[in-house]
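Got some structures for you, see below.
There are two complexes below, and they share chain A, which is joined by chain B in the first and by chain C in the second.
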Partner chain A sequence: MSTATDAPHSAAAPVFELSDIGVRFGGIVALDGVGLDVRPREVHGVIGPNGAGKTTLFNVACGFVTPVQGTIAWHGKPLDGLRPHQLAGLGIARTLQGLGLFDKISVLDNVMVGADRHGRAGFWSGLLALPRSSRDERTLRERSMTVLDELGIADYAGRAPASLPYPIRKRVALARALVAEPELLLLDEPASGLSEEEMSELGDIIEGLSERISVMLVEHHMDLVMRVCDRITVLDFGKVIAKGTPAEVREDPAVLAAYLGNEVTHDDSVHGLNGGENA
Partner chain B sequence: MRKALDTVRGNVLLKHSLIALLAAALVLLVMESVSPFRQGQLAMMAYYAIAAGGLTVLTGLSGQLSLGHGAFMAIGAYTTALLLQEREGALPMIVIILIAALVATVVGAIVGVAAARLHGPYIAGATLALAVAVPGIALHFSSVFGGEQGLNVKVPEVPRLADDALYFLTGTETSTSEWVAYSAWFLLIIVYFLLANLSASRIGRRWRAVRDDEVAASLAGIDLGRDRVVAFVVSAACAGVAGALLALASRLAAPGSFSLVLSLTLLSAVVLGGLGSLLGALLGSGLLALLPNLATSIGSSMGLSDVKAAELSPLVIGLTTMLVILLAPAGVVGSVRQLLAGRGPRATTAAAGTPGAGADTPTVAEPRG
Partner chain C sequence: MQQLITTLLNGLTMGMVYAAFALALVLIWRSTRIVNFAQAPMAMVTTYIAMVLIEGGLNYWLAFILALLSGFVLGAFVERVIVRPVEGKSDINAVILTLGLFIVLHALAALVFGSDYKSFPAPFGVRGITVGGHSLAITPFGIFTIVAVIVVMLLLLLLFQKTDVGLQMRASAFNPEVARLLGVKVSSMLTLGWALAALVGSLSGLLIAGGNLVHPGYMDSVVVFGFVAAVLGGLDSPLGAVVGGLIMGIALSLVSGYLGSGLVSLAALLILVAVLLVKPGGLFSHASERKV
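Right, the complex of A and B next:
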């Protein structure tokens, strides 16, 4: 909730900081000098019209795209050149707009993959089925079941993801990200395809998360964004055009101008959000 | 009783050990009741199955296609042959097999590192090249590898301990070929035990994740490259063991045994049985070890000459594989599982005893172990 009592996040040092990020795809300047910082337990919204560069920013944040300029810092330390799995290992998790569930394994196994970074058993204990390995499996399974339970989808643990309705699959993807117990969670359009009611439940979930971790949220549903975000960064044509609390951003003339003619609140037909990810 | 069953199901080590023991008993029974000729065929089935087991882990679990696994078998076979040029002072058989596996592992690691940087068709191309290159190397350095004729293998005597143990269990003497067949089957059981453990562990799950979606897997913190190389190394080690056993069973390591047909036959075995399933790899290997003989005898009973009849077998293997791919793409084991999953209650992959896996809900019917 972006109430006055939550605002003093500003005193804390940022968890994650992107400064002066530049990304080019051939002739297209996808990001140009973009900077933003995420504070502990902050929900930081990233909004902007289609093609503004939001997904590209996420791709930079989790190591899929290497920027031509700028720096990324995690708790003040530079993160240059780390690969996606290494960033995940630090505690950065992300959900994909395209879900990216593992289709041939069960929902529980999907979530257990997310929990894998908490596993301790190595190759040899797996090979010989040592007690260490089964203890590991048990812990990962319990962690995963807990998260599935928290998200209200424990009943689907044994199911194949493809057999489930879209909103449930979205929750599975969220569970897989959450079970890693990240310090920073990047949510790419988590509300797309959800009903009003499901969206409000999602709002509750995000608010609950912000008591423990930081969240970056790309979302087109302004009701949700305005409700859960502490601060918002607005992108247009790869540049930051506004920053501030939801109230400030809503009144910003530059934002109003950028969105003029864009039917933002009901824009579900966003393409390219996963650009470059499934290459 | 039910509780005991649940304990076994929940405990990987216990479950796989029990299956291994049952399998060992079955091997003793079968081996003692068949002719030496059939024992030879069974040995062949066992080494095919060891290589196919590694291949099904590589291709079915980690999602990397290898068209050249015969090359790793060749490496195992030639290593064995080089170490068994003299019967005097030869190392114990198990040590030789381990060395063969080790050499194949090293080559597998190198190929695996290269393959981890490549994608689908390129891995296939690279492994195909390997399958062609390795027998070529054997031909080129004919002073070491014996050229076209290959190297003869002096199979060591049956060790006293094993001889006594088998005599105690079966009451009959054990010939060298019989001993090789026994070794092949016991190694098969050990290899499958280890592979099944891996498949049920964290790394097995990560392999499946990498296979299903690379991007999501790396976001979950999986080091794609490392896990892929591990899969390659594991499967190369299996092929090395298989090659060693081939050399021991046929008492020969020659380039003709490691043609492209061998690599493709292994792949057929894996596809026939069902990708990613060890049981499938075993069944597929059985089919492929017995098919040539069957095809030949059917061929000659239809009045073909022996040579013509023998030529039937690749055709039959090819046609069978094509039919399975077209009619039952999940393979034998996969299709049976799908059938079973369509009815009654079922156990899910890892979620045995999970609440809510209700009776009328489709579950994951992926082959495992």
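Right, the complex of A and C next:
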């Protein structure tokens, strides 16, 4: 079964590709020659110890950080000077750090704001509430409710996010990203602040998503990453130290060293010992 | 008793006008954090446009609607051409800009339309309705004023709560950064917000002008009362603006009717001071919402 699902991944051209990305903050090299590609309907994980550059890489993918070198390509076309607000138009959705929900408008309205507006009724017909626009309005509402339902939070549609517990608000933020029907979803630490059970539900959701869209998942919870990802890119000190399937990455000595022996990586004997213990 | 009813009805009518004007200020404040002091002269200019059209022989209602539309266009123009260049700089820049626009529009109106008093026609009688032999202060035009403001407010409510554009405007006002990331054209929403605000401001201008004398400064007292009404309601709250407007209208009418019309401006100032002392966030604000 795994070969059947893996085959299209490896054959298909990547939808989203970061090549040779370099980012410097002052004299500090945050990312150095980092590359990764996300294939159609693939969950691509980015992991690494604290300070490895995961968030910086995510911010590059979102257009928040402009790399000093390297290219970002969407369906093979380079995106020069990518700005964060252009992502929505391309078909790339993301969840925001701190969720970025509109606290005083309803959950349903929050989700509806996230809907893709391309090819919908224009500004003026929207303003004048012309028939075509109100039809769009209905489908938009229905679509938003469908997404809320899929994520199991339809009961909260009329509530204000401010009054909801954090895990529910995280799902609202996810629903808002999904209602745009993106081709690629960028997730930054979606499991933070969740209980084991909630994390397991999140895993189910991400697995469900990968049947129709691509996901780039930046996360430090190993259980989740190992469970849902098709491929994983491991960063350490701003460089890619390993790439591959969860099984390959789990066995990779460089990864074990980065996670378990990074304070003694220069010491070969201890390095080898750590690798041996966990192999 | 009859004087009280008369005073209250009068206050209600004026309160509606202040409510519309305060709403215009609130619409701009909550999306851009700018108090648009030029709202009054903008409304004055559109009233003159209506007057020129009516004097040119156009139907009153057509002129009324064209004036509202010209207000819409003027609002969009002011945002795009005048306010946009200082966007992102200190808020005080934009406020000073609107004060400057206040003076410029005054001077331009005096040059183009003349600075003398002109009478503005009213479509309905401006004499009180007679009930049971008593003449009440409520006039047909007063009723029209109340109905017109309520209709416009309901339309705005529908726009904001029931349409996608309204949702985008609310999202842009609450958190422009996030709205932009979600693909909302925030700058278009700002322009639309100014345009709608100027339209509502123009409505208040036309309603005050109806059956009265018009000159370049005729809206100046309204900007003071409308501003106090908006502060009373909390500047962030459209509902607060409406309630604040009604409170101002009735309070000032009571002052004018029982204490003397010379004290109206003083009363408005006292209300402003009292609000700022007791509940600076306004009647409809929550203390924790705004960072000072």
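Keep in mind that, in the parts below, the second predicted complex is superposed on the first by the 248 of 279 C-alpha atoms of A that agree within 3 Å, B and C clash if a C-alpha of one lies under 4 Å from a C-alpha of the other, contacts with A are read in each partner's own complex, and residues count from 1 in each chain.
Rule of thumb we're sticking to: a contact is a pair of C-beta atoms (placed from the backbone, for glycine too) under 8 Å apart; a residue touches a chain by one contact, two chains touch by 3 or more.
The structure displayed is predicted, hence computed values, not measured ones.
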Clash or fit (per the criteria above) of chain B with chain C on chain A: clash
Touched partner set for A:F102, first chain B, second chain C, both or neither: both
First (chain B), second (chain C), both or neither touched by A:G158: first
Chain touching more of chain A, residue-wise (chain B, chain C): B
Which of chain B and chain C A:A88 touches, first, second, both or neither: both
Partner chain(s) touched by A:R171 [first = chain B, second = chain C, both, neither]: neither
Touching partner for A:M112 - first (chain B), second (chain C), both, neither: both
Chain B and chain C contact sites that coincide on chain A, given as residue numbers: 84-85, 88-89, 94, 96, 100, 102-105, 109, 112-114, 116-117, 121, 123, 126-127, 129, 133-134, 136-137, 140, 176, 180
Chain A residues within the chain C interface of the complex: 84-85, 87-89, 94, 96, 100, 102-105, 109, 112-114, 116-118, 120-121, 123, 126-127, 129, 133-134, 136-137, 140, 176, 180
Chain A-facing residues of chain B, complex: 11-13, 16, 194, 197-198, 200-206, 208-209, 211-213, 215-224, 230, 348-351, 354-358, 361-366
Parts of chain C lying in touch with chain A, wherever the complex brings them together: 159, 162-165, 167-168, 170-171, 174-175, 177-185, 188, 192
Of all residues in chain A, those that touch chain B in their complex: 62, 64, 83-85, 88-89, 93-94, 96, 100-106, 108-110, 112-114, 116-117, 119, 121, 123, 125-131, 133-134, 136-137, 140-141, 145, 154-160, 163, 176-177, 180, 277-278
